[in-house]
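Here come two complexes built around chain A, the first alongside chain B, the second alongside chain C.
Now for the complex of A and B:
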């Protein structure tokens, strides 16, 4: 039985991001595994022990540098990995088709996990498109997954304090939320073992996938201007509190 | 309008504030000017604030051991001043110096004996009892994870450690500087923030005062450069000062990592500060049950000398700006993971990236200058936090001897008597005119 985990190679949220050519992120900064995907990998490694002869395979569609992210995925528990090498930015429609083709070429999925979204594009589309192409049910923002003989019971967080409990037939696609687990980060022995595991590389062109006509292009990217200036709120505690409430209401507009 | 003081101190970090405190106690009317909004907000805030005694020279050991006494007696040192932010705490975990080829520990042991430092020799088994998560194999020489031999199985065992029970760290270095500022204010010391010095004025071979970015001129017959990573820029503003230093300072970029402690090990409460030259790291507990992992600057690691203004503005690009890098994150965490095989290393780097005010031989310059009235407490090279209160006392005595008693410190070096240990230190050791001191470790170890 195979559990596929789709992972994305994203910029470190703490990095100083610069935009090149108006439409792409300068790639010399730290890139790492999308944080939601860490929950997906950790969950897959836990579920593996519940399934006979289960194997966890991490799959990524990105440039060659994403091998590092797949090494991280294997250090965190994936048995092996597949990198679909794309030499350009592609949209979620094509990414989902590439993931589908790579998974189909590899084996029959019992379950497909992914992060509920990526922290760079935040499109929240790829996992649903993948489910659609496979004809599988999907659930997102999973905070609990229980595998049963003929399905998966997923607790899906809607908003704070509210959960749907869903029963999905298998195979299915599940998007991991932050509440699903605590990521199990690798020890050095895990990292050493992952160095010897396989990263199978497939060229996107060799997968023979194409968009069904439509596509999304990024016309331009612009950095968010950080313009934070500290301001001291003077006066006694009561006056300072009043001023703080006024700022939160009138300037920040969060109250 | 021109204001006048007895002494202007450029910088209000953990070295600048005790100099103000000690000078104010001697009756000097002092003003600290700092370009940041509060005391200790510059490179002091990024300090690992380790309090340890092992240094490569006997004077270095004595100086640090003297510092222990101040941290141990913090409230009394501050004369029980109240600080609205609370007081910094000395976390006396004890300090383990791993015996390795990365440290000249035999020399340290000799210095410990000479100075009278309280310590105990530990076997590997005793270290394991204290820190059950460690693997006491030898991993020397220090390597980077890019080097395939990094992952080779070790063959030899280490030889144990020197344990100094009085060592540890200060939990909030910025707050410690703030505490000293509040203590200094009780003696009339003044502090001016958001004030950047752009010129140091002099007349007839003597310093006359400073000019701020907004054009404000402040006069004083004594100016002390405690500019931290900006020290070389401040020296260059003063006539002949930079040129008159045989030992120069530069700003060195430095990354410190925060990695979670292994499951089930309460490092925050049960752990020790450790200096581990075998893997080129030092580490201590950090809030959140983290390992704070610093680098001992092994030769295989790149050194990035940067412009401090560009660095703090986040400019210069990856590896030169104030963001952690993935390569160094892996280098420092994986090195510690050799010592602690159960350490789990997250994918995202977390920690602190700041600057050392590094001197040519990693030993500070505590001295007068070629411009009368202009003094320096610079080149702290990442290893002087623990000494800061002692430096304050020493600099105040040096300045007083030069200005009130007419001592020519270059000809007859000032002899500083330490308050607690009673040892006398030849302050000429820290002279700007010295030749490079090859006894130095040329690293953060000093």
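Now for the complex of A and C:
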């Protein structure tokens, strides 16, 4: 039985972003696995023990440098991985098509895991599109997954901590939320073992990807200006507190 | 002129206030605004919606009234088709995150979530990317266009219209593969952080879960919601729903008060669009001091109770 995990190769959130040509970022910065995808990989590694002959396969659509992210995925528990090599940034509609084609060409999924959101594009949609293309049910922001004989029971976190308890038929697609687990960071032996595992590379152009019903395209990208001018509220605790309340009332007008 | 569908969200049988800003965003040169209301009392909300420019309320009945993510998505798609609506807007709320991408997937249509602006004539969305570090203008191409709107991105501006209510009964969709076993409610009375006007948040400087009571008291006195940094969540002081930041909630309140929070890039990713940021920190060198509007250098355990007291005296 195969569990596929979609992992995205994203800029380190701590990195400073520089914009090139007004529409993309300079890529000479550190890239890592999307944080929610770490939860997805960790969950897959945990679920594997419950399934007979289970294999965990990480799948990524990105440039060749994403091999590093797939090595991390394998160090965290994936048995092997697939890199769909794209020579440019592609949107989530085409990405979902590419993921579907790559998974379909590889095997029959029992379960597909993804993250609930990527921290670069912040699209929040790839898992739903992938599920639709496959004709599978989908859930997102999963904080608990229990596999049953013929389905998966998923707790999907909603507003103010409320949860939908859903039963999905298998195979299905689930987007991992942060409450799902604590990512298991790899040890040195894990990392060394991962070096020997397979990263199968497929060119996006060589996949049979049907074209989606539309697209999104970045027209312009600009740094978000940090233009606050910090002013100190001085005085002892009581005086500062009174001044703060005055600011809330008279300047922010929220009281 | 376009027909714009607006998915209206309810909480405890009331229209969520954030819808008003979304409807305002859709006002524009002669667009016809259709409020899409699923399994709720549409007639009761007619006046409220028409005050912001909605001219038709589509009263959708789906799946016997109960919540079902695929059932609702399918019902909205059916109503859009029946009314000839090709552009849809909804909130990037927890429900919107579950519903809008499903609708986009059914229609195989482009979707941009968390928009702070939309140009409905050119089909262009404005949203942040890269953990809030960059502002992107995104062109949507296709027959349908779907936008998830960030709560509070636009202030509501009234514009009177006369809304008519149209009933629409969705056809039972084919089996979806999802069964909703139950919905477990969250904590009573908790405000969704993304829609709060004032947030007072605590970080490692709070030192314990009990100390968050100081923030709760202060929050109650000013009508604020309580947030937290990831450290406070990871330490188990408050639940994950409190977390603000790149891997927590993205918020944009009128005022964000950060107490004992250093101001990491990842924390800022979730709150940098706040109108006013106020920091309470004992370290004058903390990153947040250089990136806020007002700061108090001092011990939060002395300052916060004084603020609560001052609010009491003022109120």
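Throughout what follows, the second predicted complex is superposed on the first by the 238 of 255 C-alpha atoms of A that agree within 3 Å, B and C clash if a C-alpha of one lies under 4 Å from a C-alpha of the other, contacts with A are read in each partner's own complex, and residues count from 1 in each chain.
Everything that follows uses one rule, which is that a residue touches a chain if its C-beta (ideal position, glycine included) is under 8 Å from a C-beta of that chain, and two chains touch if they have at least 3 such contacts.
Treat the numbers as computed from the prediction; the structure is a model and nothing was measured.
Aligning the two structures on chain A places chain B and chain C side by side, free of any clash.
Once the two complexes are overlaid on the shared chain, A:32 sits against chain B while remaining clear of chain C.
Look at A:164: by the touch rule set out above, it reaches chain C but stays clear of chain B.
In the superposition on chain A, A:129 contacts chain C only, with no contact to chain B. Counted by residues of chain A touched, the larger count belongs to C, out of chain B and chain C. Judged by the touch definition given at the top, the superposed model places A:230 against both chain B and chain C. Judged by the touch definition given at the top, the superposed model places A:43 against neither chain B nor chain C. When the two complexes are overlaid on their common chain A, residue A:14 makes contact with chain B and with chain C alike. When both complexes are overlaid on chain A, the residue A:79 reaches neither chain B nor chain C.
By the touch criterion defined above, A:238 lies against chain C but remains apart from chain B after alignment on the C-alpha atoms of chain A. In the superposed model, A:138 makes contact with chain C only, not with chain B. Minimum C-alpha separation, chain B to chain C, in the superposed model: 6 Å.
The contact surfaces that chain B and chain C form on chain A in the two complexes overlap at residues 13-14, 35, 230.
If you check the complex, the residues on chain A that touch chain C are 11, 13-14, 17, 19, 25, 35-36, 91, 93, 116, 119-125, 127-129, 131-132, 136-141, 153, 155-169, 172, 178-179, 212-224, 226, 228-233, 237-238, 240-242, 244-245, 247-249, 251-255.
Within the complex formed with chain B, the chain A residues making contact are 12-16, 28-33, 35, 38, 72, 183-189, 191-192, 195, 230. Of all residues in chain C, those touching chain A in their complex are 11, 67, 69-70, 92-95, 97-98, 101-102, 104-114, 124, 127-144, 148, 176-187, 190-192, 197-198, 222-223, 239-241, 243, 246-248, 254-255, 265-266, 269, 272, 275-278, 289-299, 302-303, 306-307, 309-311, 314-315. Those residues of chain B that touch chain A in the complex are listed here as 37, 151, 260, 262, 314, 317-318, 321, 323-326, 329, 334, 337-338, 341-350.
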